[in-house]
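Here subunit A shows up in two complexes: once beside subunit B, once beside subunit C.
For the complex of A and B:
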């Protein structure tokens, strides 16, 4: 209870500071950090907990973004207070797509989910490029936004907290332990009576739902989406966030999302002339990370346990 | 009917390119069990290295000699690149979980793409015409181009050389041994690291040759050119059954044909999605691909 009050208090103070004291550039960065954090958390459920590699979260994000944009424009007649409803619908649609993808993916062991999700993202992108009603390659314009920053902030913070708490609780629930078991040794898990296919499928549907939510907010945050905003590069960025924070560590994902949202903006001011150093930095972080500290910043443990292990704070 | 033959010819010519690139994916998968995402970038580097070598040594005029030099140069350069990528990025991770080497492969691929954009520039460059293309003769109403014949010839020769190496030489036998039991081969006196390097070198050389052939036919090269063909070749490898060499060749040819029929009969904007639709259908109905074997696991 005390923790909850501290959390709420700090969120409200931060919101007030952001709303009145800072410019819209920083406000936009804050919102996109939270969207990135939701995406990294959603990938962490399937890749971190269940050890199933997904390379197509940008595709699920695209499904969510377009669902939410089309719903709010054509069905709900641009009422901004209905954005939470459309975002929820975005999550549900992405979950349905995720279920369809999971049907062929988990028949075999190995990297098949990576291949199928990669293909799915590409198919979604090509279908959107060919769908003229939503603008095709020109993109979809004029999506309703929140009228003020404070509303957007409250909504996105609530959603991020819900997703974070859901992931955190999921990790330590019986379901999370099932996922952990099949991550460690799938044969042993199967012998213990765990239905591997079903468990992986459920984890992927949950992950898709969260990715759809992230996509839904993304469309209302920018007000403009195009099929090329959801390319393979976006999937890899989400992956880099989840890996950098530590696969299986939920607070790690949030912190990595924070680092990787701020880092490119900070590098923007470097005097590099026409060279775009930012594009090089991401892959180098990824490779160096894999060779030097393959488990990510926190490994599997959460921030609070990590600090306790290192004796930085007293338990 | 005439149109059909035309699409078939084009499809086969592009399919043999897919087959060359797909072999690189399937060989690395067969021996290391990992998807080498950087393979499409090695293909891209092949085209760029040939471009710069041709400019530097001045063999950018059309002649058979220059064409051979271009193929050799690209093959040598990609062999060095493939070897060093394996040594620097993949070897330190040999014993860590498979996920890590997969992520590293994506990192290497992105590094090449963006490094390429910074070093070579993002705008497309026009590749030197190393072979003057000409319509040689007409067959059943369709024109046979020299470049298509050269693509068939060079791919066939490379495939023949590859199967000679794999089936007849000591190295090839060692490669087959490592791919079936990597834990037993050191006992037989085989140096696994050497064989894995060899696999990367052979796969990269094939990709380099394919890159030169494609760039002569479509003379525009840019740092992202590997993306599309890499994906399709990868699908071809899965289609044929990943890990199986003749599967990759058959898969590549079939995929090339399929893409050109789709392209020829209307749905050209859906071309990129086609390969993935095929892929998902395969994974639903025959997950191991055409020639793949489903390994039974023993406890």
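For the complex of A and C:
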């Protein structure tokens, strides 16, 4: 209860500061950080806990983004207060797509999911490129946004908290244990009576659902989406966040999303001249982190365990 | 040949596992050829044979990893020939591996809990909302697992990572984990592999102990003849994918076909 009050208090204070003291540039960065965090968390469920590589989360994000955009524009007549509903629908649609992908890919062992999801993301992108009704390559324009930053902030914070708590609780439940067991040794897990196909499928559907939510918010955050906003680079970026934070660490994903959202923006102020130093510094920082801490910031552990270990807080 | 047919008269109800004309082929190689045997309830049944005889292949078919080309496997009067490994386990047949397969990164306790929880119904909303039921079930799983570990004196290591245990204890933990799934039949794949004499003696006691304590039937694959002869009630001998003998240890020991399979033909 105490933790909840502290959390709510800091969220409200941060919201007030953002709303009144800081400009819209910072506000936009905060929202994109939270979207990135949702995406990293969603990938962490399937790649971190179940060790199934997905290289197509941008595709699922695109499904979510377009679903939410089309729904609010065509069906709900651009009412901003219906955004939560369309975002939820975005999650559900992505979950259905995820389920369809999981049908063939989990019958095989190994890294086939990476190939299938990679292909799926490309198929989604090319389909959207050729779908004239939603703008094709020109992109889909004029998607309804929240009228005020504070509404957007409240909605996205709530969603991120829900996603985070869900991931965290799943990790420390029977389901997380099952995933971790099949991650460690799938043959032994199967002999213990664990249905591998079903378990991996469940994890992927959950992950897809969350990715769809992230995509849904993304479309309402920017107000404009195009097929190229969901290229392979985006999938890689999500993967980098999940890996940097530590595969299997939920708080790590959020922190990595924070770092990787702020870092490129902070590097913008570097003296550039004819050379874009930003694009050199950013990868160097990533490489350095990977050499110094290959298991990610927290490894499999969580922020709270890390603090306990360092005796920063009482256990 | 009379030994081969000795089990035909046994009533079906007293059979734990009945294997009929099991065959599997890998490319041109008939790894297992028309093998039949039956395991009675509450006995320790040994499956022996020289290297490459097909013992582990039979084992993998029984536990669902390989699909037999032909033949039938009945477990407690249910046909399990085409079932997947997890379904076979759900029916009550647990196995261990020749090369230990623990969940290495998990703690000793978690290893057992993972196995234990497969028999329980879990609800999504319980774990997402952390309901009372969730806490109750978690507590029950942990308590039961610790009780099981206590029986085997492994509870002192419960928070250690599984692969930090000494070799003998890892074997023991793998057996404990198999027991946690609540089996009727325990299939042990070369449990004495890599053990020294005193560890083997302890293993022999352990197998007898678990058989009586949990009222189990045990199927044992083993290289170590001394252990097999000491421990098993009945034995089947495989050679080049075929069963060449079946019977009690005393008879098997003296059977010319078995000696020939292990040592080769006598040349005068």
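Heads up, the rule we're going with is that the second predicted complex is superposed on the first by the 296 of 315 C-alpha atoms of A that agree within 3 Å, B and C clash if a C-alpha of one lies under 4 Å from a C-alpha of the other, contacts with A are read in each partner's own complex, and residues count from 1 in each chain.
In this section, contacts are C-beta pairs under 8 Å (C-beta built on N, C-alpha and C of every residue); 3 or more make two chains touch, one makes a residue touch a chain.
All of these numbers come straight from a predicted model, not from anything done at the bench.
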item: First, second, both or neither for A:279, with subunit B first and subunit C second; value: first
item: Subunit B versus subunit C as contact partner of A:196, first or second or both or neither; value: second
item: Touched partner set for A:126, first subunit B, second subunit C, both or neither; value: first
item: Subunit B versus subunit C as contact partner of A:262, first or second or both or neither; value: neither
item: Contact breadth on subunit A, by residue count: subunit C or subunit B; value: B
item: Subunit B versus subunit C as contact partner of A:12, first or second or both or neither; value: neither
item: Partner chain in contact with A:173 - subunit B first, subunit C second, else both or neither; value: second
item: Touched partner set for A:187, first subunit B, second subunit C, both or neither; value: both
item: Touching partner for A:22 - first (subunit B), second (subunit C), both, neither; value: neither
item: Contacts of A:304 with subunit B and subunit C, given as first, second, both or neither; value: neither
item: Set of subunit A residues, in rising order, touched by both subunit B and subunit C; value: 187
item: Interface residues, subunit B side, partner subunit A - complex; value: 35, 89, 92-93, 96-104, 106-111, 114-115, 117-118, 227, 231, 234-235, 238, 269-270, 272-273, 275-277, 279-280, 283-284, 287-288, 294, 297, 299
item: In the complex with subunit B, residue positions of subunit A that touch it; value: 47, 51, 53, 55, 103-105, 107-108, 111-112, 114-116, 118-120, 122-123, 126-127, 129-130, 187, 232-233, 236, 239, 243, 247, 275-276, 279-280, 282-284, 286-287, 290-291, 294
item: Of all residues in subunit C, those that touch subunit A in their complex; value: 63, 65, 84-86, 89-90, 94-95, 97, 101-106, 110, 113-115, 117-120, 122, 124, 127-128, 130, 134, 137, 177-178, 180-181
item: Contact footprint of subunit C on subunit A as seen in their complex; value: 166, 169-170, 173-175, 177-178, 180-181, 184-185, 187-196, 300
